Amino acid sequence: MLSYLIFFITVAAILSIATLGLNLQWGVSGQFNAGVVGFLAVGGYGMAILTMPVSEQLIVRLNWPFAVGIMGALVVSGIVALLVGLATLRLRSDYLAIATFGIASSIQVLANNLEPLTGGSRGLVGIPRPFESMGAQAVGYGYLVIVLCVLAVVYAGLQALLRSPWGRVQRALREDEVVCAALGKNVVRFRLTAFVMGAMLMGLSGALYAGFIGTTSPSEFMPILTFQIWAMLIVGGSGSNAGAIAGSFVIWGLWTASGAVIVSVLPPQWQAQGGALQSILVGLVLVLTLLLRPQGLLGPRLTA
Amino acid sequence: MSTRTHLLRAEGVVAGYARDLPIVHGVTVGVAPGEILVILGPNGAGKSTLVKSLAGVVPKFGGKVLLDGNDVTAMPAHRLASAGVGFVPQNANVFTSLTVHENLRIGGYLLSRVDLKRRLDEAYARFPDLGLRRGHAGHALSGGQRQMLAIARALMMAPRLLLLDEPSAGLSPLMVSEVFTNVRKIADSGIAVLMVEQNVKAGLRIADRGLILVTGSTAYEGDARSLQDDPVVAQLYLGRHADTHVDATTHATDGSAA
Amino acid sequence: MIAQAIVDGFLSGAVVALGAIGVTFSLSILRFANFSHGDMLAVGGYVALFVLALVAGPGMLNSSFLSTPIAPFSFGWGVPLALLFAMVVAVAVALLLDALVFKRLRARGADPLTLVFASFGLALVLRNLVLLLFGPDAHNYSNEIQMAVRLPGPVLVLPDQILVFGVTLVVLAVLWFFLQRTRYGMAMRSVAENPVLSSIAGIDIASTIRLTWIVSSMLAALAGVFYGVTVQVRPEMGLNLLLPLFTAAILGGVGSVSGAVLGALIISLCENLLSLVIPSTYKPLVPFVLLLLILYFRPAGLFAPKGR
């Protein structure tokens, strides 16, 4: 039971980091990322590729340490975000949604097919984890501590960022872009940095996830993850970092609980349908929140 | 002039883009058939917002608007068009990707085939320049031709009330004169004309009455002649030179920059 | 080989074209990227599957007349009937979603991203409803084997493909006539360019919006059924088609129907030609690469209506 709880908290905390990243993109700077899972995948695969032990089937044989792998994941996800962000920077806002959706599907295709790099549909198994030599218990507790520390640092950093002049400009941009542009603020640059930083947090989350599970494969990063993280953000009240973390735990709790019910109650051939029901509920949460909350998605404006 | 003869009677109109931030604060105005009322005022006074709210394009949060005695306060823009209100916006007032002919056909969207044919012929007779350019796309027209097209489009429905938002904007003095001559002719045919203008001199020259709007409220109202002749009024509300544009003394935006 | 790829490109491009037109309408008239449009194709495809199963199945509605294939095609009169039902259901779903969700959000003055977000959530719901009702496996409309027709090249095409292509051409011609020569079509074009100017000319924006939903969903249902006829239906088909649909509309220039069709053709041709040199599992990358290219170099699209 305890180990299950540790597992749950670790994963929820890891996903919170992605939700915080999404908050930076949406809650703080008003950009719609329809391909969240893609950035997690980039981070997860980036980390895995850099740290995997040397193998004949893989062309990348760096076998770098855990921390370096994490850094690498941050860099790669930042670059991918830049690629997508620069393309749509001065265009209508829904183009970013389309482009992020596109990058997520493309990453899935690449992950499934570039076998020498990504391990194909089997993925990469056996990612080295910290404290591995000290036994399974140590890995579990140790990783939890690492994740919670990272989460705390990220949270504190974001709070500080929002209170900084940079954060104030972002808030002002959200209210009235025309005025800010008139004041000389480079609207485009602010949007882009928020987007890239948010994406890097998502990459960090993906990397931590890959490190935790020890494997990474296309089935770890399915499209539903995008919707789950969105639900986590808006349930918590977008704009609020604390809300993002709380929302992550709530949604992840509901998801795993309902998943457990499905597995125990439904016969195997109906489990796909059970999963469909979960997804429908997530979709309804998203749409109903939009309809029923008078402020729509904005929630409490940017509580810093 | 007795208010009983007014075709348009707007009383206490409160309008803006957000309920908690109205730009027009209770303006009362009336226009009779055949007369031209020009609305003047510094930038940001709310002139454009006022005329847009009368056209149903900007929401009204208070007041009453009567058209020929009928309450049209809550009427949406497309119904106002069929009720006899024509509106010529300042910007984006023609369909640039459509031809002159298509623009006019859209102006006559609600008309029967017979009426449409007749009004098209009338439009080309009234604006021969447009007749020569039937197949030209909107984006290929000059500023003056576009303004003519915009007005012709609004006249397709044979409106009883014509609203114009700064028809002289961006035009050469020659074009301005031509546009205003046309507006005078339109009024003389019995249509009530309400016109927002920045060009005070030219506006007052063809208008019958004038209204000066400052920060969303009526500051002065009277007939055009006395406004023209009264330098004190002109100075007070319109700045030193009555025929130049004046900068805003307020922070309110009147939406015409949109 | 190349000739075959080109012909395949044209044939499969037809389906994408029909779907992309609906996307270009939503981007220009409804003014938001409708992420649920792909799943509208799936709705169409699956309703048709359901009707076909009824007429071929053991129940009361079995009809050997409808389920017997008409040579040389793989299907019989059941498919046109199923198509009719598919279009009716798709239109009903689209109008329902507009009334329940999008209209309410528009009335609140919601910005485009809110509508995008709503469509995003609705897409998830639609996709999984299909999964719930029909299961995760792919389905074919029929198991009939067709004799391929041999064209000069040598190029092999299936009669089904030729029929679908032909019907698409007819539909496009009808649509052109509708948009260019009828009042309602003119209203759609003017609202696409300038809604405010349209409303002061007397056009009822709300009913134009409803009309747009109707036309888009009819085309989507058609595309979905055609996809089912020439390929197969599966729950993720909407998700898989979404990127090509968006890319085609943007490539062609938002608001341009002919642009959407040409964009679809370009994507389809690229996919099929590239499959000659790279493994076909990489085909799904083609739309995205084209999307990035067009966004970087010519975001207005290749055939955008002039003067906008």
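Letters A, B and C name the chains as they come in the text, with residue numbers starting at 1 for each one.
Methods note: a residue touches a chain if its C-beta (ideal position, glycine included) is under 8 Å from a C-beta of that chain, and two chains touch if they have at least 3 such contacts.
This structure is a prediction, so every number in the text was calculated from the model and none was measured.
The chain with its Cα centroid farthest from the Cα centroid of subunit B is A. Distance from per-chain Cα centroids to the pooled protein Cα centroid is smallest for C. Distance between subunit B and subunit C, defined via averaged C-alpha coordinates, is recorded as 43 Å. Once the centre of each chain is set as its mean CA position, subunit A and subunit C turn out to be 31 Å apart. Note on chain placement: the centre of subunit A and the centre of subunit B lie 53 Å apart, centres being C-alpha means. Annotation for subunit C: no residues touch 2 or more other chains. Considering their complex, residues 30, 32, 34, 83, 86-88, 91-95, 97-99, 101-103, 105-106, 109-110, 112-113, 223-224, 227, 230, 272-273, 275-277, 279-280, 282-287, 290-291, 294, 296-297 of subunit A touch subunit C. Looking at the complex, you find that subunit B touches subunit C at residues 55-57, 76-78, 80-82, 86-87, 89, 92-98, 102, 105-107, 109-110, 137-140, 153-154, 156-157. Residue ranges of subunit C in contact with subunit B, taken from their complex: 183, 186-187, 189-190, 193-194, 196-205, 305-308. Across the interface of their complex, subunit A is touched by residues 27, 32-33, 35, 101, 104-105, 108, 110-114, 116-118, 120-125, 127-129, 131-132, 135-136, 239, 242-243, 246-247, 250, 279, 281-282, 284-285, 287-288, 291-292, 295-296, 299 of subunit C.
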